[in-house]
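Some structures are shown below for you to check.
Common to both upcoming complexes is chain A, partnered first by chain B, then by chain C.
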Partner chain A sequence: MVKNTKLSSVYLFVVFVLLYLPIFYLIYYSFNAAGTMNQFDGFTLEHYTALAEDTRLLTIALDTVRVALISSLAATVIGTMGAIGIYFSRKRRTQGLLMSLNNILLVSPDVIIGASFLLLFTLVGFRLGFYSVLFSHIAFSIPIVVLMVLPRLEEMNPHMITAARDLGASQWQVLKEIILPSISSGILAGFFMAFTYSIDDFAVTFFVTGNGFATLSVEIYSRARQGVSLEINALSTILFLVAMAIVVGYYFIQKQQRTRKKILAVDPTNHEKAVMP
Partner chain B sequence: MVRQRKLLSVPYYLWMGLFVIVPVLLLLFQSFRGMDGSFTLLNITSYFTSPVYLTMTGQSFLYAFLITVMTLLISYPAAYFLTRTEHKHLWLLVMILPTWMNILLKAYAFIGILSQSGMVNQLLAFMGIGAQPLLFTRLSFLIVATYIEIPFMLLPVFNAIDDIDESLTLASRDLGANEWQTFRSVIYPLSLSGVRSGIQAVFIPSLSLFMLTRLIAGNRVMTLGTAIEQHFLVTQNWGMGSTMGIVLIVIMFAVMALTKKRQRGGTR
Partner chain C sequence: MTEEIIVSFKQVEKKYEEESVLKDITFELEKGKFYTLLGPSGCGKSTILNIIAGFTEPSEGLVNLNGENAAKTPSEKRKVNTVFQDYALFPNMNVFDNVAFGLKMKKINKKETVEKVKTALRLVRLTGYEKREISEMSGGQKQRVAIARAIVNEPDVLLLDEPLSALDLKLRTEMQYELRELQRRLGITFLFVTHDQEEALAMSDEIMVMKDGEIIQTGTPIDIYDEPINRYVADFIGESNIVEGRMVSDYQVSFAGKSFVCVDGGMNPNEKVDVVIRPEDLTLTDATLGQIQITVETQLFRGVHYEIVGHDLDANEWMIHSTRKSEPGKVVGLQFHPEDIHIMRLGETEEAFDERIEQYASVADAVEKGGGVDG
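Right after this comes the complex of A and B.
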């Protein structure tokens, strides 16, 4: 294995700094007493106390987590069952067709998903709000779950199922004792990805949210359009810490599983877009 | 038996039908409807005859192309060097971590960084160049979009290079190739599949980053995404918005076809 030269290490370091600079810029100025993002006038925590008293924002944050949790759980259940269905569909062509449908929703630009869902909800006469956002999030999360679960199914030893059947296991027992345990790391990865996608989504939510309901992304957008407010900076510090904690925690859970079960676990970094064919 | 397994996936089929097939069909129907709801070809004809829409589409394409090229230029060397570090997966995670920060917060950070008296301008003034208007320009859009898309290029390229069998590079070294030759004739050709996925992952979203054009570029930059958002949510001209949506879908399929994984042997 060739080692990096000094120059390439410097290059990596520069890219690293550039990637983190905007985030730390936000965090740094969240402690600024001057109230702007240019001149640091003195340390203060007032933006954090303002954030803590901002009940509107806190409600929105709770709603965001609520949507993310419910939608990723629902998407995990439907997506896992769908993946099992795709895996057992005998015909190769059906499998290919199903996968390409799955992929369409994955690659589609957010505006297309948002606009077409808006058309759908309007046609049905569904009121825009919490439920339209929730259903949209479930919809765009399902393909991610399928994408994470399907490779685990293909790695599974199919003879295990035959053996279990021979030993008299029922269909339900096969599912519970053989299939689900062997794909659990994929299910976890799918849930995790779905959750982070839901939390981060802006464009789709923006289209289907209507007036009464907002998620954090939508709220940040409307506040950022009005200009700089250091309350947003304080919020980003907290969100960054939470995201770090979740990702790092997830990384170590996966690593532990990998070494214990010797199953090739899905990296948390296996981003939806990156694994596209 | 098999039927039971099929039953499991019924919710999935229903859901996908309702949220993939039906919405796309609706978009298609809507593009044939005028403001009053009647059937018309007006949207399509006016899209393809209007210089405004066509230049907008062309510009949108150009921006996406530039963003893709810039992310590739920055990410490819970074991915290559990353594969050669110790604990490469941990370092990769560190590089990708900013993706988990909300995209709007990252865009918002640039409002500060690029503003009239922000960090970049302070630096420019210090260097004696003097403050330049950066925010609400085309350049600022390109910078921020590139920043946001870098991880999506870095990751597939890293995976592709990381997947290369080490014995191949060792063999090439054994046969007397120097590092540059090894890179040129072994690593580079084998990493192209990752580059293709990266292009796909960056180019298509770059056409539709409407929140960035609004926050960072003022109204200087109009991408297809911005135009669609405007027609749907501001001017309420859903027919025209849908027409542009269909154009975007067609472009999406074209890009997917161009960057599709070739059959084995094609690239080797």
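Right after this comes the complex of A and C.
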């Protein structure tokens, strides 16, 4: 057994090295004074200063965030309503059918989705650019949101809805007071998933960006094709750090919530002691 | 005192696709009484609650609430509230907000809401628990919150869907007293659904026994216990000895190979009947003194009494609740009075049954009391 756990921890170590090595390699060379990734000449921040002066790249970065924010917000709204619609479609058959249609969109290759969007946009004469990217991002994010929200709905005690109706709540009040609060964690998770998917999507975006508009992934790809400039490394490093900061921040928020719950649960008679004379 | 009819069902039927869940249900609920729908799971009792609350519509028949046809009234407009089996409390709100939910939906002002919630919580003995989260409450406390949340709306009828089934035995007995007490104090009509006969007997003014979507018998707990209409009701309500017998003539029945005097009549001569004698009505004596002799087979100590089971010579099984001890293998005698014998006709309708009982019970009473009851 002991030997076994040792082996498995070695295996785990190797896996993580393989996963993180390319990223650290890339970060390492972002500080390289030589200007290429062939050998390390000396430490410099000049790629970062060049990045700060590269207004084109900064505009693209902002555009990327803009697309991600708007598209994930829109997808969260539409996807949540869709999930509620699927949940309330009482017939098992329709429910299954709708879920399958949703899942097909999730598993189908990005290239196909991108190509079909391109076909659609050109067919109806829609100009490629910011809006074509935005719409396609909304479209591929909706199934993700549905997938995150639906399990929360299934977990919900359906008697709660009946109880709320029984107490005089209208349809809208049931939605606002009962359903949305109990699925809020799913909605939030759906939003973040949609946001990250939008940020790092390449294939779909590549098809539907026009001349004047690009996102980071497309831009990095086209620059990398012309020979890698270490500015890309610097940009990637910053993106990696931002991602890490988000993960760490999320961890601390969760930890805080958990400890708060624990304090409440420590002694359930505390309150009783306080109110009972 | 005029009796106000709060809920009435006239020939209500409910079908789901081809399956008929309720068949020809007719009853009336009066104001301020405690009613119980008693039956095994799947007999349609919850469907009746859902129809009253307005969650489902009847396929046929007429439902009146407060004398008005309820077909067009949506559930949120009905002065009916429900306490659910799993309580269905809102976990994202604290106790106060849970109880105040109905008032908030009706846009009742803040001050009045606080007052009413306070009163409701006091009634269920949860004063001071307003700020608690639902997850911090025990099962019994959640139960009380659910009741408070329903009664705070001052409904005409409170529907309780097996609300005690999730509690342990001791708490359940306690809550039975409390519910009964609460109902008396509020004067609201309670319609309680359960499959537990003890619960039904302990709390109700009137019990409706259901089977397969039909109401088999309606009556006070004592009526139903003492005069069950058929084998099903007798069996469902408490322990009973049911043996086959024959009506020799009015007030004369034969079973277990002998003829006995009884207080029932109105059957055809020599009609086949079911005879019921409750285990606690049988007295254990010496074999020679008893009206029936049985051989004891098993004896269980139940605390309050011994539960003794044995067979007579006709192979009928008899169960006796006795404070006196016997022992397996012994032949003992059973004693009982004419009024302990209850006769059930096979396949009798409730109306015919009630009529016959009315007629013969009064005659029997008169006979017993020496022929004269004045006023």
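The rule is short, and it goes like this: the second predicted complex is superposed on the first by the 244 of 277 C-alpha atoms of A that agree within 3 Å, B and C clash if a C-alpha of one lies under 4 Å from a C-alpha of the other, contacts with A are read in each partner's own complex, and residues count from 1 in each chain.
Heads up, the rule we're going with is that a residue touches a chain if its C-beta (ideal position, glycine included) is under 8 Å from a C-beta of that chain, and two chains touch if they have at least 3 such contacts.
Bear in mind the structure is a predicted one, so any value in this text is a computation, not a measurement.
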- Message: Output check: A:Leu134 vs chain B and chain C. Expected answer is one of first, second, both, neither. What do you get?
- Response: neither
- Message: With both complexes overlaid on chain A, does A:Ile178 touch chain B (first), chain C (second), both or neither?
- Response: second
- Query: Touching A:His159, do we find chain B (first), chain C (second), both, or neither?
  - Reply: second
- Of the two partner chains, chain B (first) and chain C (second), which one does A:Ala169 touch, if any: first, second, both, or neither? second
- Query: Counting residues of chain A in contact, which comes out ahead: chain B or chain C?
  - Reply: B
- Between chain B (first) and chain C (second), which does A:Val247 come into contact with in this model arrangement: first, second, both, or neither? first
- Task: Classify the contacts of A:Leu216 with the two partner chains as first (chain B alone), second (chain C alone), both, or neither.
- Result: first
- Overlap of chain C and chain B interfaces on chain A (superposed complexes): 268, 271, 275-276
- Message: Residue numbers of chain B touching chain A in their complex, please.
- Response: 1-2, 4-6, 8-9, 11-13, 15-16, 18-24, 26-27, 30, 74, 77-78, 81-82, 84-85, 89, 91-113, 115, 117-119, 122, 147, 150-152, 155-156, 159, 166, 169, 179, 197-198, 200-201, 204-205, 207-208, 210-211, 214-215, 224-225, 228-229, 232-233, 238, 241-242, 245, 248-249, 252, 256, 260-261
- Item | Complex contact set, residues of chain C against chain A | 53, 55, 75-77, 80-82, 84-86, 88-92, 101-102, 105-106, 128-129, 131-133, 135-136, 149-150, 153
- Query: Tell me, which parts of chain A touch chain C in their complex?
  - Reply: 157, 159-160, 162-170, 173, 177-178, 181-182, 264-265, 268, 271-272, 275-276
- Query: In their complex, what parts of chain A are in touch with chain B?
  - Reply: 1-4, 8-9, 11-12, 15-16, 18-23, 25-26, 29, 37-39, 78-79, 81-82, 84-86, 88-89, 101-102, 104-105, 107-120, 123, 135-136, 138-139, 142, 146, 171, 196, 199-200, 202-203, 206-207, 216-217, 220-221, 224-225, 227-228, 232, 235-236, 239-240, 243-244, 246-247, 251, 267-271, 273-277
